[in-house]
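One chain, subunit A, appears in both complexes that follow, with subunit B as partner in the first and subunit C in the second.
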Partner chain A sequence: MVAILQAVFSGLALGGIYALVALGFNITHSTTKTLNFGQGELLAAGTVIAVSGVMLLAGKGMHGTLDPQDVTLWRYAVSLLISVVVLGLLGVLLYYTAVRPFIGLGGLSWVMSTLGFGIIIQNTALAIWGPSAMVIPSPLGDNVIRIGGAGVLPQEILVVAASVVVMLCLDTVMRKTKIGKAVRAVAHNKNAATLMGINVPAVVVLAFAISSSLAGLAGLLIAPITTASVFMGLSIALKAFSAAIVGGLNNARGCMLGGFLLGLVESMVGLWHAELREISIFMLIILVLVLKPEGLLGTRVAEKV
Partner chain B sequence: MSAFSNPKSVAVALAVSLCGLVSAVHAQDIKIGYNADQSASGTAELGTAGRWAFEAAIEDLNKAGGILGRKVVGIIRDDLGAPPKSIQIMNELIDNEKVDAVVGSANSGNALAWLHIPQQKKVPVMVSIATATEITRRYAKEPQNYLFRVSMVDREQVALLVAYAVKASKGQKIAILADSTGYGQGGARDATEVLALHNVKPVLVEKYGPKDTDMTSQLTKIREAGADTVIIYGIADGSGHVLRSMEKIDYLPTTLGTWGNLSSLLPRIAGSKLAEHLILAASTTEDSNAKAKALGERVRKNFPTLTTFACSAQTYDSVMLLAAAMKLANSTDGEKVAAALEQVSGVQGVIKTYDKPFSKTDHEGLGVADFYLARWKGSSVVRYQDAITRSITPADLKR
Partner chain C sequence: MADIPTLRIEALQVRYGAVEALKGVSIEVHAGEVVTMIGGNGAGKSTLMKAISGLEGAAAGRVMFEGRDITRMPGHQRVALGIAQCPEGRQIFPDQTVRDNLMLGAYHRAASAAQIAADLEAQFAVFPLLRERLHQSAGTMSGGEQQMLAIARALMSRPKLLLLDEPSLGLAPLMVKDIFGVIRQLKQRGITLLLVEQMANQALAVADRGYVLETGNIIMQGGARELRRDPRIRAAYLGEH
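Coming up: the complex of A and B.
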């Protein structure tokens, strides 16, 4: 019983990260019908930027080692903010260089260009930070909290709480505010949105900025659990993309559901046979694609020719 | 107008003559390559510790007049912990740089990936860090095995860890948790075989991915199997995450780990309190003699955060053994040097004086008699002793 509870906690923490990144895929997809395949590299870049931010704030230089007392909550928060802003700007850059030139052209040029953008970011980060993993202690300490006999790290609770809060905020903004309505209008029909006086390019740029910032946020949240490295992004982004597919790429709530679902499946299967984790996840994806290609909560879009 | 009034032609002439000079000098030099991860994986600290000792050894050799009156040049490469990169470097060192010998590989998986290259091209290799048992054994039946080692050896450290585990466990409930790389799985196999020599069957053998950070599910199963002693077979980052997961599920059995846990990644990931829980196999320490202390200080000048001194000492001694063999063979020919390595004796190293360390069938410079158990204490590793370590006799060290 305790073992299952333990797996649920691990799964939720992992799922929160997948959900955040999956949400990033949803935002750009619903506004431009494109995805940033370099999302994982952006996530890694955001993380190493934030870890360096903490080091610089602690007066340790760029390549120091962080002791637990160096990572205070405010240093963590300030670095998080820096990384979210830098990532937002990178998102804008990504849009203008790798997405905008190809929108509406048909074909899949943007797949290659966003992949390429990600690789450029990764190699730049590699040149600056090098390939080794950076250890960042959690700002909340490493004392295990016991819930029903199962152990949870404070950072894991922070991951789940922060991702749920961010998702609820985004969900409210999207459904209740004018700007959210504008985003949804653009997603629904660009031409009609333009005719209604919505600044479509601005909305689209915003979508890319938010999408990238979410990756940066996810990265720093998970770094104290996994360690930070330039290569940490790919597997997270791949799972997050899978989560978006399972939940429904065009439905924000579906992406969140998919994220948590995948996290839980991964840790539950691990309880049984560690080596079957990845297999079971991708089996689930294939199954969902066969039975409900639009994803669990996705809506089928009739392509008009 | 003479040719030399034109500055361009002067430059060209100068460059041409310099090139000639440089290659002439190079033909005289003895080249030794160093191929190990110094930046990427959990073994980077081990590779870096080796690298500076490698340079120190070459400096010392040159100060003493080089080898056979020729200058020694070290060629240092970083394989980033990636087997394909390591293979590429090995080819480059042997084919392009034409090295006379190679020292290196911090990762066993990398060494196992390129073993065939120096063996086929007859270039002696001194493995000074990687520990996989198979490294010196794969070509042991060939007329000449070109792979030698001065390092911890998996089979030997397993002998020590298992001897401790069998005595520490009540009711012989021992589990093995290994990472899924070639290194971890090879170690798990060694541990299972050595346990069998003690007539013990592990209660469970589990594995984790090298990038995993949550091993609670594997550990839960190990706990349910009733294990009170766990042997972790992995490098420092993986072991660190295992210790963290142990704390999470409130399960702290007697935990034994490998020599790779000398890397400071272990206390940095697990925290110093948890890191102290792990008992690990060690080969040599800085305080063992004056030579070791001096080498430690020299390496620390370039690498102030050194915690993996054993790698420095082993790499230093590896270079010295190669030099002794070249002198004995009176040649740098790979075949002759490899044969001479099996004959060298009385070589003064940092760890010990090597009296006939290698034979035709045994290419291990160090053995279980040179090893002991250790534990992290704050920011350094200290020798670990308790009633069980004191009761271990040579007969217990089955292998």
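Coming up: the complex of A and C.
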């Protein structure tokens, strides 16, 4: 029982990470019908930037080792902010170099170009930080908290809390605010949105900035639980993409649901048979695609004739 | 001011690749006028509308609004100048409520909440059913209701020029009658209107002047009454042989 509860907690933490990145996929897909296939590499770059930020703030230089007392909450928060801003700018650069030239041309050039953008970012990061993993202790310490007998890391609680708060904020912005409604109008019909006086290109750039920022946020949240490295992004991005497909790529709430669902499945199955984790996740994906191709909460898009 | 037309289009050409959709169109719409553009399928009517609202770029020629050259101005900025287009096929935002659709019409305005609320009320006076449907998803309404919403949404921008692109398209006859009733009301309020229609008879009945567009060229123009009496128009567009 305790073990299951424990798995639920770590599954929720993992799920929160997948959900944030999946939401990033949803945002660019709904506004441009494209995805950033370099999202994982951006996530990793954002994370190593943030870890270096903590090191510099702690006066350790670029290649030091972080002790738990080096990672104070404010250093962590400042680095997080830096990472989110840097990634937002990278998202804008990605849009102008790898997405915009190919929008509306048909074909899948943007798949290759966003993948390529990610690889360029990854290799640049590799040249700066090297291949080894960087350890970053949690700003909340490592004292296990007991909930119902199960041990939970403070960082896991932080991950769940932060991802849920960010998602609720985004959800509220999209549904209740003027700018959110404008973004939804752009997602639905760019010409009609233009006729409302909405600056469509600006909204699209904003979507890419937010999407990349979410990846940066996810990366630094998970780093104290796993580690930070230039290679950490691919598996997270792949799971997040799966989460978006399972939940419904065109539905933000579906992407969040898919993220948590995948995290829980991965964690629960891992408890039982670690080697069945990936198998069960991808079987779940295939099952969902067969039964409901548009995803759990996705809506079938009627193509205009 | 009186001699500067609200809209003046000079020798406008629009191309889709190798296809020339407009081959040098010149028209004028003056303040307070209702002008209709009639013509068959593929004549270039919708292309002309899009070129005015900025959804389509011009290959040559000029689009002037109140004496200002806006040929290269992005579409979203033209809305702020006072050009509102109610597009062909309505194109409301079906996943948002009727109210949110109307509010998106006023998106660019920096008006006070009270002013916007007053404008909403003004729309309800013309379109009473929108008040009943205010919190309903726009996509759940009938085609005619959606057309009413699309017109009201365009009016929420307080346009100096309203472009109506085929408002009667795909609507039941009774609904078409309602829509033309609304257009008459807008005319009485002094709203400057450019109306593109396939229903030439009704369009000419409500308009002050008309143009006839055929394969990208204006082939005829004049007062609506004269055009309605013209035997060539009667034969080609009013279904008389």
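Everything that follows uses one rule, which is that the second predicted complex is superposed on the first by the 304 of 305 C-alpha atoms of A that agree within 3 Å, B and C clash if a C-alpha of one lies under 4 Å from a C-alpha of the other, contacts with A are read in each partner's own complex, and residues count from 1 in each chain.
One rule holds in what follows: a contact is a pair of C-beta atoms (placed from the backbone, for glycine too) under 8 Å apart; a residue touches a chain by one contact, two chains touch by 3 or more.
This structure is a prediction, so every number in the text was calculated from the model and none was measured.
Student: Can A:N191 be said to touch subunit B (first), subunit C (second), both, or neither?
Tutor: second
Student: Touching A:N250 in the superposition: subunit B (first), subunit C (second), both, neither?
Tutor: Neither partner.
Student: By residue count, is subunit A touched more by subunit B or by subunit C?
Tutor: Comparing touch counts on subunit A for subunit B and subunit C gives B.
Student: Applying the touch criterion given at the start, work out whether A:N36 contacts subunit B, subunit C, both or neither, answering first, second, both or neither.
Tutor: Neither partner.
Student: For A:A182, using the defined touch cut-off, is the partner it touches subunit B, subunit C, both, or neither? Pick first, second, both or neither.
Tutor: So A:A182 only meets subunit C here.
Student: Have a look at where A:A150 lands relative to subunit B and subunit C in the superposition and call it first, second, both or neither.
Tutor: A:A150 contacts subunit B only, not subunit C.
Student: Answer with first, second, both or neither: which of subunit B and subunit C does A:N199 touch in the superposed model?
Tutor: second
Student: Enumerate the residues of subunit A that count as touching subunit B in its complex and touching subunit C in the other.
Tutor: none
Student: Help me check something: in the complex, which residues belonging to subunit B touch subunit A?
Tutor: 39-42, 44, 80-81, 180, 206-209, 211, 213-214, 216-218, 220-221, 224, 237, 244, 247-250, 264-265, 268-269, 271, 305
Student: Can you tell me which positions in subunit A touch subunit B when the two form their complex?
Tutor: Those residues of subunit A that touch subunit B are 2-3, 6-7, 10, 14, 65, 68, 130-133, 135, 137, 142, 144, 146, 149-153, 225-227, 235, 267, 270-272, 274-275.
Student: Applying the document's contact rule, which stretches of subunit C touch subunit A when the two form their complex?
Tutor: Residues in contact with subunit A: 53-55, 74-77, 79-80, 84-85, 87, 91-96, 100, 103-105, 107-108, 153-154, 157.
Student: Quick one: in the complex, what on subunit A touches subunit C?
Tutor: Going by the criterion above, the answer is residues 178, 181-182, 184-185, 188-189, 191-200.
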